[in-house]
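Right after this note come the structures.
In the two complexes below, chain A is the common chain; its partner is chain B in one and chain C in the other.
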Partner chain A sequence: MEKNMKAKTVTPSKGALIPASNGLNPAVLEVLKKGIESGFFSAVLLPVKVPSDDSYAWVLTSQDSLLEKANVLPPVMTVQGGKALSSLTKHGASKMKIAAVMRPCEIRAAIELAKLKQIDLENVLLISMDCPGALPIQNYVDNPIEGEKNFSDAVQNDDVEPMRPTCKTCTHFSITSPDLHIATMGVTGDSILLVPSSAKGHSFLDEVGVNVETDASSWSSEIEKLTEARKSSKQKAVAEIKEQTSGFANFAEVLSKCISCHNCMSVCPVCYCRRCYFESDVSELSTEQYMARSAQKGSIRLSQDVLLFHLGRMSHMTMSCVSCGSCEDACPVDIPIAQIFSAVGDDSQSLFEYIPGMSPDDPLPLRIFSKDKELCDIERICADPLKGCDSK
Partner chain B sequence: MKKFLTIKGDADTAIQGLLRSLLEKGEVGAVFGLGKSGDAISYLVISDPAKIDSLCPTLPFMPANAANHLSKITAGGNLAEKIAVVIKPCELRGFAELVKRESGSPKNLLFISPVCGGVLDFDTFYKGDRDKELSAYWNDVYSNEIPSNIRPTCSICEYFEPFNADITFQPTTEGCELYSNTPAGVGMLESYGEKLSEGKLDNSRIEKLSSARLSNREKFFDGLKLEEMEIKGLVEAFGKCLGCHGCSSVCPICYCALCAFEAKENEFKPEIFEKELAKRGGVRVPPNTVFFHLGRIAHMAVSCVGCGMCSDACPVDIPVASIFTRAGDAVQKVFDYIPGEKFDEPVPLSTFIEDELTEVEDS
Partner chain C sequence: MSENTYKIGVYICECGPNIADAVDIDRVVETISKYPDIFIVKRHKLLCSGPGKDFLHEDIVTEGLTHVVVAACSPKDHETTFANICKKSGVNPYLYQLINIREQCAWMIKDKEAATDKVISYIRAGVRRVKYHSSLEQKELESTPDVLVVGGGIAGIESALNLASTERKVYLVEKSGRLGGTAGEFEGIMPYGSLSPEIVKSKIADAQANPNIEVFYDSIVESIIGFFGNFEVTVVRPNEDNIELKVGSVVIATGFELFDPSKTDKYGFGSKANVMTVREIEMKAKTGGVTLADGTTPKSIALVHCAGRDEVGYCSGVCCNSLLEIADYFKSKHPNIEIHDVHRNLCKTSPEEAERISNLEEKGVVFTRVSDVSINGDSSKTIVEYTDSKGTEKTIDVDLAIIAPAIIPGEDTPQVAQMLDLTIDDFGFFEEEHLMTGSFKTSVDGVFVTGCAIGPKGILDSVGQAQSAAGNILSRLVPGKKLHPEVKTSEVIESLCTGCQTCVTVCSYGATSYDEIRRVSSVNEAICRGCGNCVGSCPSGAIRAKHFTEKQLFQEVLEAIASSEISG
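Up next is the complex of A and B:
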């Protein structure tokens, strides 16, 4: 396969500076309202406080009364944004133009789902923002008022500690969306910087009447700096989780609390199968198999397929895992499942030099085959095996 | 009068002893029950008598409703050897409901079930000081009180004495009392090799506890105010739902291979979203959050055994089990039906009597 790490490393150099003296949310909502008024899009998909004020839900709307309750960067990730956009467009492109405002890992999931034909990005303007992370949903729902405060304090102080484990180690917290990115980190003076990266993004900013003329280098250098710092804390965390799960016995031990609810799978944006293979008849045991296994081993643990399920799910989705952490949020028994999947995802993705969700144009590694370059470091299927892949 | 056996000492050890002897004498081919696997607690199938000591027959914990496991093991009705099944009363009821739906078979199963004090919820069990919580639990149980650290639905459960058990057991401070309810139960107790006594379970104790739980139940249901909820109340209760459907996947009654609410019929084309948006000014995406829960209630309320698994599996602490148990109670009363009371009673909605429900239908 082609190595496509090279794609999408160019950071746009200019953006439109927008005043945000009341913070990120009102400033962004203002721009979105202009987008609706100008007719550039008819509605926006974004997180809105639920009526009971104890969480957020994705809402497609153009109505002021709902936009007032919207929060483009809520303290928690409820439904993964990619999943929400899939619900909206999996049966065809939206007829009306919409804008979707999401965290970077949600945008990346949306792009993976587009590749998997579960999202149609036509007529969708994707807007991402610099992401400080999200709180574990359990902590938030325990006390939403305190959760709001903890989150805003953490954002204010650049404190990543209260965020979810995979957020703390995320190195793609500022991945620019294919269309438009909202830059906040390294942007000073009570402002935000709207950085377009596609023709669609540019024409949107034209339409709402803002000029793309501010140099974006203080933002991009800040992101570079933060990413480097994040990489080292990630290294440490990944080493820890690998140590904790290394070898069959340790891995089985970490998963031993699993109650087989499959919540991890059902909230995963990448696990899009309507009927999971591991929930189908083929992976069920017969009465005789249960009894024979028990007789052979002396005793068996139920469910019998805990390891098979997690390893199978891993092998099915690891290449596209965006480390969003939704699986861990949804686990009722607190298995560090996102940390495990994220660490494995990193390894399998780097084997193909693939970063999921960076660009709709990067093909999924397992969908393509390149005779000369395919995994030659492992398989040595090269033009000239004796001389290696670069021998041509 | 029933035949019963009192085994002195630790209650777990006592039941393990009975089960070991059943296995050793070939009375059963395997034992099913809650046990230790590593640090975690899971259901086990044990064939080797030497492994019986990993069983925790009295542990007040429910990592899954055992009915779901039993359904998988026995579906098809081909179980060729006997299994002694240690199971909690609501799990046994859940299994009976599955058997009625041809999703399991009681053939060759011998049920050993406790007078149940309730189970600790996941958070208490996994995050709390487990030894302390368990000792508080048993103190309450032995002094005939409702433990304060059990699942909310356990504290209002009125069927904590099992239906359909071959043996009913009751842990005491001195050991364990095991009462036979069927000839098979007598056979199991006799195989232990000690002389059986005649007697019956101390009903006064159960009745006292039962009335305490029933008054709890009334207060609890009144507090929910389900009748006043309406759509607005449901939107508020289920607003934070993530749509993981964990409540449905751990439910012993939700046995459908593909839930109607996860089927393609409940996904919508963009035109539908657009139409709804024009009509209401805003659409929650994915849609149908309340619809899913209402639909699930409609599908399973008549058989809801109030086990509380759904609440434990909910990542955002929606009191699913409380709401569903309340709805179940109302529906079950209409049909005079106790889910899981019998194995061979038809499910109300699968039968029709011409002159039924006249009080509701306005004839």
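Up next is the complex of A and C:
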């Protein structure tokens, strides 16, 4: 459980300026097509509008006809991109090179899954973009045409109000640790800035023939400014959710409407067990035992384990939760589950100075152990009282 | 087996007055008897006694029990005793549960009623648990009694000599061209507490002459894979093909190096002062006598302790003695020589050593406790500067300063550790399994570390450790006998394994590995010691600890915390 000291990625100082007079999507698709034509990658994984025109699905393709329908920044997050990439490369690296265009929280989930060996990032070029947030999926599917309009208006006006609660308070909405990042915020003049942040990213831009020579400081200072503003709104939101759920009674009350559908678990990108403990028979009791418990306590709620399910999932996910909000999007009874997980995740992650998904090189905190430091840090016991250690 | 074929017997031991006085056993028997599925509840004065064991055996057989619960003392005391009786009586020893009602109830709780309540809930929990037990079978493994010893120093030689026999071959791999290691270099002056040079020489000769010890000179061990009883070793030999060996156990005796005093300017290395290390004195004494750079014999010497003590961060413990030995050497050769012993601490590890200091003082050796010491000078004089116990800075001019450098880990330590997946301590030595109870064992079963490879020590201690390691191997790796690996091991439920390899990172014994082709983890039952680390860390619940399954623990806990009413 060693602390990770280098969790923060260094923001690149230069990018390649690309004209985007028709908006972000056509400009990015243009670059992706060049990548396919040049053979740098064989296919792209990106959100494509479904035939019924009312949602998006992850599609791995190199066909122009599908790329026409792609939207690198759709108004909603349907399936979390990390989950999509996991289903593609869980059983081994792709032999062909592919590019995956995903929101920053999807990239972070992918990095976490790579650490958990559920994704193989070899031969994958990760591309992210400055993310304005996503609309609640229910609002969108109720009226997709209005949803598209609401989203583009919100993006135009830098308005986070219509977005999902976790998006409104997201502090990692820009570059995390992709190979290539598409900068839009603070980039003026109908352009986008392609910012390479790995050797793979650089060689891709070389391949498609764009020069990385534009100063990126107006973008990075805009991101810095926005991040600070988000941090304070996040602080406020976290205080509210903690107030709402503090203590056993409040916590139980917030979760009391849970219908045990386990949607939150199914859509969570980092909830990667084959079978959830709570879907096994381990904690099932005999009829007599249920009767006895009911008699003993006066009553029991059936089916059991609503609280334990959420607490169990929380303990599993808390170090790797990227606050993507998928669980809350999928909750049919509007439990603010993503906001709860995000608040708890922030606390436990900060204990180890760990930011999930920020760097593929930061080890998962619970997999490493440093005897001296951790006994002191966590238990306040010195492993070697004669020698003492750093933290004393 | 359906539930109604269960015949569970509960036996309560009074442990003389230990349990009987603190617990109302009559009430326990009465309450537990009403519990469903319990066939019999009986009490006995002392189940671990001869008559007690006979009673238990006869009763299990007569009643035809399928499961046995014994409420008695700590499992450390008699878990195995009663397990053996179950086995003898035809009940699988894993269909039995010992409940500790002595240490955890009778000795803990003064109030007899409260103690009795606790005993009842413990027994109920144990009975519920035993219902979910499965029969487990003891497996047997073939093994080879042969042993690999890495390092031909005194610790390695001693291990080899103790182990080699007509039924057990020992392969001794030495990276240099000779046996004896550091101890073998001592001829002129022997540090106190060491074997005499003749004994070291005779041990080397014995090892060389022993037909059951095969020595590989100028050779290194390239790889060791396997587990206790069955290791496969590759040795790289000079001018010959690599040789593959099969051994049952491995003794690491790779020795140490000495701290290089020229790494700091404190000890006059680099100036022109006459400064020598203990080892240089040894070598000079061996080849004709100690002289200064100009060829003359020193008339005054300073013995400066703790060279490198601050740099390495620990006391090597044996260097003080080597300096005292040198004082003895000079005093016996030149009674009038002036000797100053300048130390921060004096390590005296035996009464004889304390006596030796008194003897040296009588012979005129001046012992001075100092707080800070350095050596300077030129070819004509050597100056020892120090701060005395009163805080005054002082100097002594001598012809020669002798320093005792710290013992540091051998250069091969990291490579050997990596090869065997052994842990290294903060100072770079091999880490012992436990400082007191396993000072020559490692976290890998069947791999032992002896001598200075595990930390600074004298020759006597190295020899003792080598004998201990050999003894452990002799008692456990008996030629012709099969090994009995741990029964309560972990097992992977492959259909649930996601292949995240968390279990591989948390296993202390190297028992878990990842199958790249099938993309699941697996546990090597011959290595697994059943600690449960992998079970606890597996997010998917895909690893099960035999005899500690989630179901068993869940039911046991549930019953322990249930109300005192009979819940069934």
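For this structure, a couple of remarks:
FYI, the second predicted complex is superposed on the first by the 369 of 392 C-alpha atoms of A that agree within 3 Å, B and C clash if a C-alpha of one lies under 4 Å from a C-alpha of the other, contacts with A are read in each partner's own complex, and residues count from 1 in each chain.
Assume a residue touches a chain if its C-beta (ideal position, glycine included) is under 8 Å from a C-beta of that chain, and two chains touch if they have at least 3 such contacts.
Because the structure is a prediction, the values reported are computed rather than measured.
Taken together in the superposed arrangement on chain A, chain B and chain C fit without clashing. Of the two partner chains, neither chain B nor chain C is touched by A:236. By the document's definition of touching, of the two partners only chain B reaches A:299; chain C does not. Chain A is touched at more residues by one of its partners, and among chain B and chain C that partner is B. In the superposed model, A:91 makes contact with both chain B and chain C. In the superposition on chain A, A:282 makes contact with chain C only, while chain B stays out of contact range.
Contacts of A:118 after superposition: chain C is touched, whereas chain B is not reached.
In the superposed model, A:274 makes contact with both chain B and chain C.
Applying the stated contact rule after C-alpha superposition, one finds that A:79 touches chain B and leaves chain C untouched.
By the document's definition of touching, of the two partners only chain C reaches A:316; chain B does not. After the superposition on chain A, the angle chain B-chain A-chain C between C-alpha centres rounds to 100°, nearest 10.
Of the two partner chains placed by the overlay, only chain B lies in contact with A:333; chain C stays clear of it. Remark: least CA distance from chain B to chain C after fitting both complexes onto chain A is 8 Å. Touching of chain A by both chain B and chain C, each in its own complex, is seen for residues 91-92, 274-275, 285-286, 288, 293, 295. Across the complex, chain A is touched by residues 29-30, 35, 37-40, 42-48, 50-51, 54, 63-64, 69, 72-76, 78-81, 122, 126-127, 232, 235-237, 239-240, 242-246, 249-250, 257-258, 262-264, 267-271, 273-274, 277, 281-287, 289, 312-317 of chain B.
Contact residues of chain C toward chain A in the complex are 313, 426, 495-502, 505-506, 519, 537, 539-542, 550-551, 554, 558, 562-563, 565, 567-568.
If you check the complex, the residues on chain A that touch chain C are 91-92, 116-118, 272-275, 277, 280, 282-283, 285-286, 288-289, 292-293, 295-296, 316, 366-368, 372, 384, 387. Chain A contributes residues 43, 45, 48, 50-52, 54-55, 57-63, 65-66, 78-79, 83-85, 87-96, 137-138, 141-142, 252-253, 256-257, 259-263, 266-267, 274-275, 279, 281, 284-288, 290-291, 293-295, 298-303, 329-334 to its touches with chain B in the complex.
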